[in-house]
Each structure stands twice: as C-alpha cells, then as structure tokens.
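Labels A, B and C are assigned to the chains in the order they are written; within every chain, residues are numbered from 1.
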Amino acid sequence: MLELRLVQGSLLKKVLEAIKELVTDANFDCSGTGFSLQAMDSSHVALVALLLRSEGFEHYRCDRNLSMGMNLGNMAKMLRCAGNDDIITIKADDGSDTVTFMFESPNQDKIADFEMKLMDIDSEHLGIPDSEYQAIVRMPSSEFSSICKDLSSIGDTVIISVTKEGVKFSTAGDIGTANIVCRQNNTVDKPEQSTIIEMQEPVSLTFALRYMNSFTKASPLSDQVTISLSSELPVVVEYKIGEMGYIRFYLAPKIEEDEEMKA
Amino acid sequence: MLELRLVQGSLLKKVLEAIKELVTDANFDCSGTGFSLQAMDSSHVALVALLLRSEGFEHYRCDRNLSMGMNLGNMAKMLRCAGNDDIITIKADDGSDTVTFMFESPNQDKIADFEMKLMDIDSEHLGIPDSEYQAIVRMPSSEFSSICKDLSSIGDTVIISVTKEGVKFSTAGDIGTANIVCRQNNTVDKPEQSTIIEMQEPVSLTFALRYMNSFTKASPLSDQVTISLSSELPVVVEYKIGEMGYIRFYLAPKIEEDEEMKA
Amino acid sequence: MLELRLVQGSLLKKVLEAIKELVTDANFDCSGTGFSLQAMDSSHVALVALLLRSEGFEHYRCDRNLSMGMNLGNMAKMLRCAGNDDIITIKADDGSDTVTFMFESPNQDKIADFEMKLMDIDSEHLGIPDSEYQAIVRMPSSEFSSICKDLSSIGDTVIISVTKEGVKFSTAGDIGTANIVCRQNNTVDKPEQSTIIEMQEPVSLTFALRYMNSFTKASPLSDQVTISLSSELPVVVEYKIGEMGYIRFYLAPKIEEDEEMKA
C-alpha cells in the first residue's frame, strides 16, 4: 500500500505542468527514499529526472517498491482540479491498476478523489553518473526563461558561452542575430536574483531552443535555475523543488555548431 | 411606451452574458410587475427564466404589456458597449419594431444610444408550478462553477447526490473517475462562503455537464447559487440578481444513470 | 555613424506596436533634428508620420542623414525582447546593411545586442502642409479607443460630427444603429481625462472604422488623442510621445456617406 500526503500540493501541480509537454507517458517510481521519475522525451533527445524525497511529505507510506505507469496529460488534467492551497494525497493499493489523487481544501470543507487508470510502460532506468562540469551557472529562472523565449523569436538554436565575466546566450536566424550577456552578480540582499558562475574553464555549447523552452516550464518551481555545462556531456538544467527534491533536464549539445563556436 | 432605467447597468450586462450562450432568440416580456424572459435553449432541453422586478429599477414605465423579440447575441454585443458603471435605460415606443438601449456614464459626459431591431418570435409561456423539493443546496457560486468545470475534464455527466452531511458531485470517463464532496458549512461570519443543505430525503440525480457549465455563466451575478433537487422534477439552478430578481435554469435529470445511482 | 540612446526604451517598443499592424516595411530617416518615419499603409489609404526629436534622446549622434529600410514586424519582434525598463540604443555604421538594437537592463547586469538586416525600400516623402482645421477634438485616448472598438461591433464606418456641445460618433449596421456623444468637459484637476473641442464651424465626416481601430493601437503612448477635422482634408489622429515627438495618422474621409450626413 502506498499513501503519500503532500501539504504543499501546488508543488505536484507545478511538477506536472513542468514535464507534461516533454513526456507523454512515464513510470513514477516509489520507494522508501522517495517518489521519482526518469523519462526520455517522445523524440528521445532530452531526459527528465524528478525526485521528491520522502522527508518532504507530511506522511509517507510505501510498503514495497512500486512503479506506476501514468499518462502525464491525464494526470495533469486531474491535478489541475486541485486548488492551489489543497493538500494532495497519492494513494494506491498493492496490485491495483489504479491510483487515487485526493485533494483536501485547507478548511476541509471540500474533499475530492480522482481515480486514474495505470498503464504498463516499458522503460529502462539509466544510471546517470555524477560528473565534473567545466562551468556551472546559477541564475534567476525567470531570466533564463525570458532569454530562451526571446531568442526563439530570432533563431532555432542557442549558443551558451561561459567566461569568468558572465554567460552569453546567442542565436542567429533569417531576420538577424542576437546576443544576450548576463554578468556575474552576487546580489547579497536578494539571493534569488543573483547570477553566480563557477568556472573551471571557458565553455561554449549549442543547444536546440525548442527543448530549452520546454525545460523553462519548470520555472514556477524555483526562483533559481542551475545550468551545468561541459564539452563532452549533456547540459543539466536543474530546478530545485523546495527542500525536498529537484527536476533535472538533460540535453546533448549540437555538435556542428559547437565546433564553429570554438573558432 | 416603455422606459426602464437601471442605475446598476452592469446587472443587465451580466444577465446577457449568462444566457446568450444557451438561448439564441427570445421574447422579453414587460409588464407592470417587471421585466422577464422565459425561453428554452436551442436544443429544447433546458429552460431559462429571468425576472427583474419593477421595484429594482430607478424609473419604471410600462404603459401596457409588451413582448419584445430579441436576438440575444446582438443584444449582448450592444450591452458590451456599456461601461460597468453606466446607467442603462431600455426604451421602446408603442408599436415600434425597435428597442433602444441608452448608456449614461456616471458623470454624464458620455451618452450612447444603441437601437436594435426587434424580431417576431413564436413562443409559448410555460406555467412552472411551485414544487416541493427533496433537497435544496445553497453553496458558493464560484465553487459550483469550478466543480462543474473540473468534472468536465473527466466526464460528460455529473451525478449530484445529497445527504445530510454534504453534497457529492461525481463523474466518470475514459481516463478515470472523480468524486467531489462539499460538506455542510454554515460559516457565520462569511455567509457568502457557506454551504447549506436543506434535505427532506436523500436524492441522487444525473445531469449533462454541458448544460451545468452553461448555467454557471451566471456566477458573476451572485455569490451564492441554489440547487433544488427532486427525483421526479427538473433541477432548478438559481442565481439571485441583487434584491430585484433571479435567473433560474431548469434541466431534466438523465434517467438511466439515475437508476444506476440508486443501487 | 549613428548612435541614438533612449533611456525610456519602452517608448520605442510602444511606437512599434502602434504602427506595425498598419505598415509592413518602411524607411526610418535619421537626421540632425531627429528620428522619423513616414509611410503609407499597405493598401495606400492611410499615412503614418512619426517623429522622435533628437533632444529627447540621452545621446544622439547622427554624422550624416541616413535612411534605413526596416521590416516593422521583425523590428517589433526584436524590440519585444527589451524589458520595459531597459535603455535602448540604436546603432548603425555608415554604409552598413544592418542596424543594431542594444538593450541595457537598469542595473546593467544584462546587455543584449540584436542585429537586424536592412532592406531597400522605395518611398517618396510627401510634404504635408500645415492646415487650418474646422474642428479639433482632444479627448482621452482610452475613450476614443473604446468608442471605435464598440462601434465596430455594430458597423463598418463611423460618422464623426462635431458641434460646440460635443462630438458624436455614429454607425449603422445589420443589427441596428449606435450614437455615442462625448460632451466637452474641461476637467481642471485631471487634464488627462478632459475632452476639449476647438471649433470654427460644425463638421461631420465619415471614416472606415478598420483604420481608426488600427490608429488606436498608439493609445499606450499618450493619455490624450487629438483629432483634427476639415471637410476637404484627411483627418489627423495624433498621439504625443512624451515631450519628444508624435505619431500622426492621416485618413481621407469617405465621400458618399459624408454627403448623406449633411442632410
């Protein structure tokens, strides 16, 4: 039997809005350590990894490891029916082919049960090794989101270049070119607005803006986003989920443009 | 001659927005007692009854009973041109085939006259007998509206079941099932947020969500909605219009699902 | 070399939003006196004239007169990437076939360069003589905008009639007719809400609402709009751009309806 009670139910609503565009169907894995998901996007280019640690739930009961296949569009439809202040409980009986989402309004006047059919989904869990990155940029998630959106009106790819001074986002398209530079800025009094760059060596990589724009749907989860870059590795775009976990998006750089950039 | 002056013109704007989706053309009946309308929706399934009592108007002159056929879409187009704080006056000369809506801005700097052609509409006025209902639920109109909208993302029909403890709204569809329970809650300090159930005997009836969602377009008119239910009668969904009247929607229950529910 | 630095960059963003619907491609002319544009709309019915005087820029360098052909849709796309508080600098090298828009965030943490290709556009500059007008109406731009929008839901043309008492906007269509009268109103304490009529003689002219609605896209630039009318001249609809310039729209009256009106 599974019963996970999340007082701040809006987090789960935001998680679904963040990933439902990228991933259609996925297995949610439940174990003693937490509630997690790992899935490729439908074109098998990007990878999403979600973790909600058990300590973050008000009540966390998971008698044995369980993998529940869900259609994320349907799950998002149901979670959209939860109020932003509602407490959400995820329930499943052992061996059942359904999962139940329970929404309780803060004053307990309104209680909703949404029962969803589970699916069988083939998936292999990839081991993602911890890596050293050449550069790690932490910046306001809203700024990263608006930069990706702005550049999309000009081109299809973004070149992210990191130096000690700042991070530059560039694109080019039929109507012209664009460069946006964000300077390192360790604003002490408003840490959520700071831009902090940890750099081992300068790096410059090219990515498809379409995926970056998808990743930024997670912005409501966190004031800050962390972008980890290395020449030989997929970029990691990470949004923390309060103290309880994260969503990480992985995307391989485009090789050709990368070469051009180094010139 | 007819001249009806409504200081709170926004009420008339909201009335039109509430019924124009359901009813295309209808006769507005004007008599000494008030301004009223009774009409079936275009598929002849639901009935709308509107009453604005003469006492609610700042000035009410109706020399003889008059029935004015109007296209509600066109009337809504004109009323949308009135400001929310405008005073609205409805004018018609005896025997004229037009009606005039006059909008005065609060400071009288802007005065607009919109003249609309009337139509001949065949209609029979149904006598609606006062009935005893097995259960009457009064609840926040915004909550009823969001419940109907939420359930529509899962299924096509709603089963409304009333017991002493509360009212349950249920649906089922391809992706799963949903149950939303609202408990009786007589919040004394905020009466507009209370949910009050007057029950003679438990009742459980099934309705098409499509119509329920149409009815909730009247929510801006009133903080509370009253839902009156009996096994053998159409449900009545009523929104008060200030002190001056009401909109009532009538809809017959679906028979088959009703039978299933009693099990 | 050209370098124009505009601290209140949002003005340029609003200018583009105001004219990009009406004009597809146009030459921006830069001289010692200012940055200007004159263009016909694509159906050659309406004329737009823009002036931003050099004194309005924080820094204004224009070594020699320059005419830069731009696609306004693409230019608007780039300017939409500037924040509302950003400082915008327009830069061009002599003989270059590109123009650069630089956006600096208020705290200088984010700097963007957008480079756009220029186009060759044939255009003849019309001399617009200063004229005497029979009537000049100054009124809140938001009110003029909502009147044009409201009348569009009834008819295709607007008859603007000015008398000493006020200005009347009229239309007629299949569903009926509409007249909106705005009275002269010299509100002393809130000049931006005043309606002021300077009249030599009464005038009544007919215009296509489609163009009037396009002109009102400039409303965010100014609280007030000035409408100058004469029987034999195109109407001038003018929006001031702070202290530094204006957008003026010119539109010839429709002749037939004008004749009818005089009856």
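Structure notes:
The rule we apply is simple: a contact is a pair of C-beta atoms (placed from the backbone, for glycine too) under 8 Å apart; a residue touches a chain by one contact, two chains touch by 3 or more.
Computed from a predicted model, the values in this text were never measured in an experiment.
Chain contacts here are complete: no pair of chains fails to touch.
The best fit of Cα atoms from chain B onto chain C calls for a rotation angle of 120°, in steps of 5.
Because chain A and chain B carry the same sequence, their contact can be compared by residue number, and under half of the numbers here are used by both. Mean C-alpha positions place chain A and chain B at a centre distance of 44 Å. Counting partners per residue, chain C has no residue that reaches two or more other chains.
Looking at the complex, you find that chain A touches chain C at residues 143, 150, 153-154, 175-183, 185, 195. If you check the complex, the residues on chain B that touch chain C are 71, 74, 77-78, 80-81, 98, 107-117.
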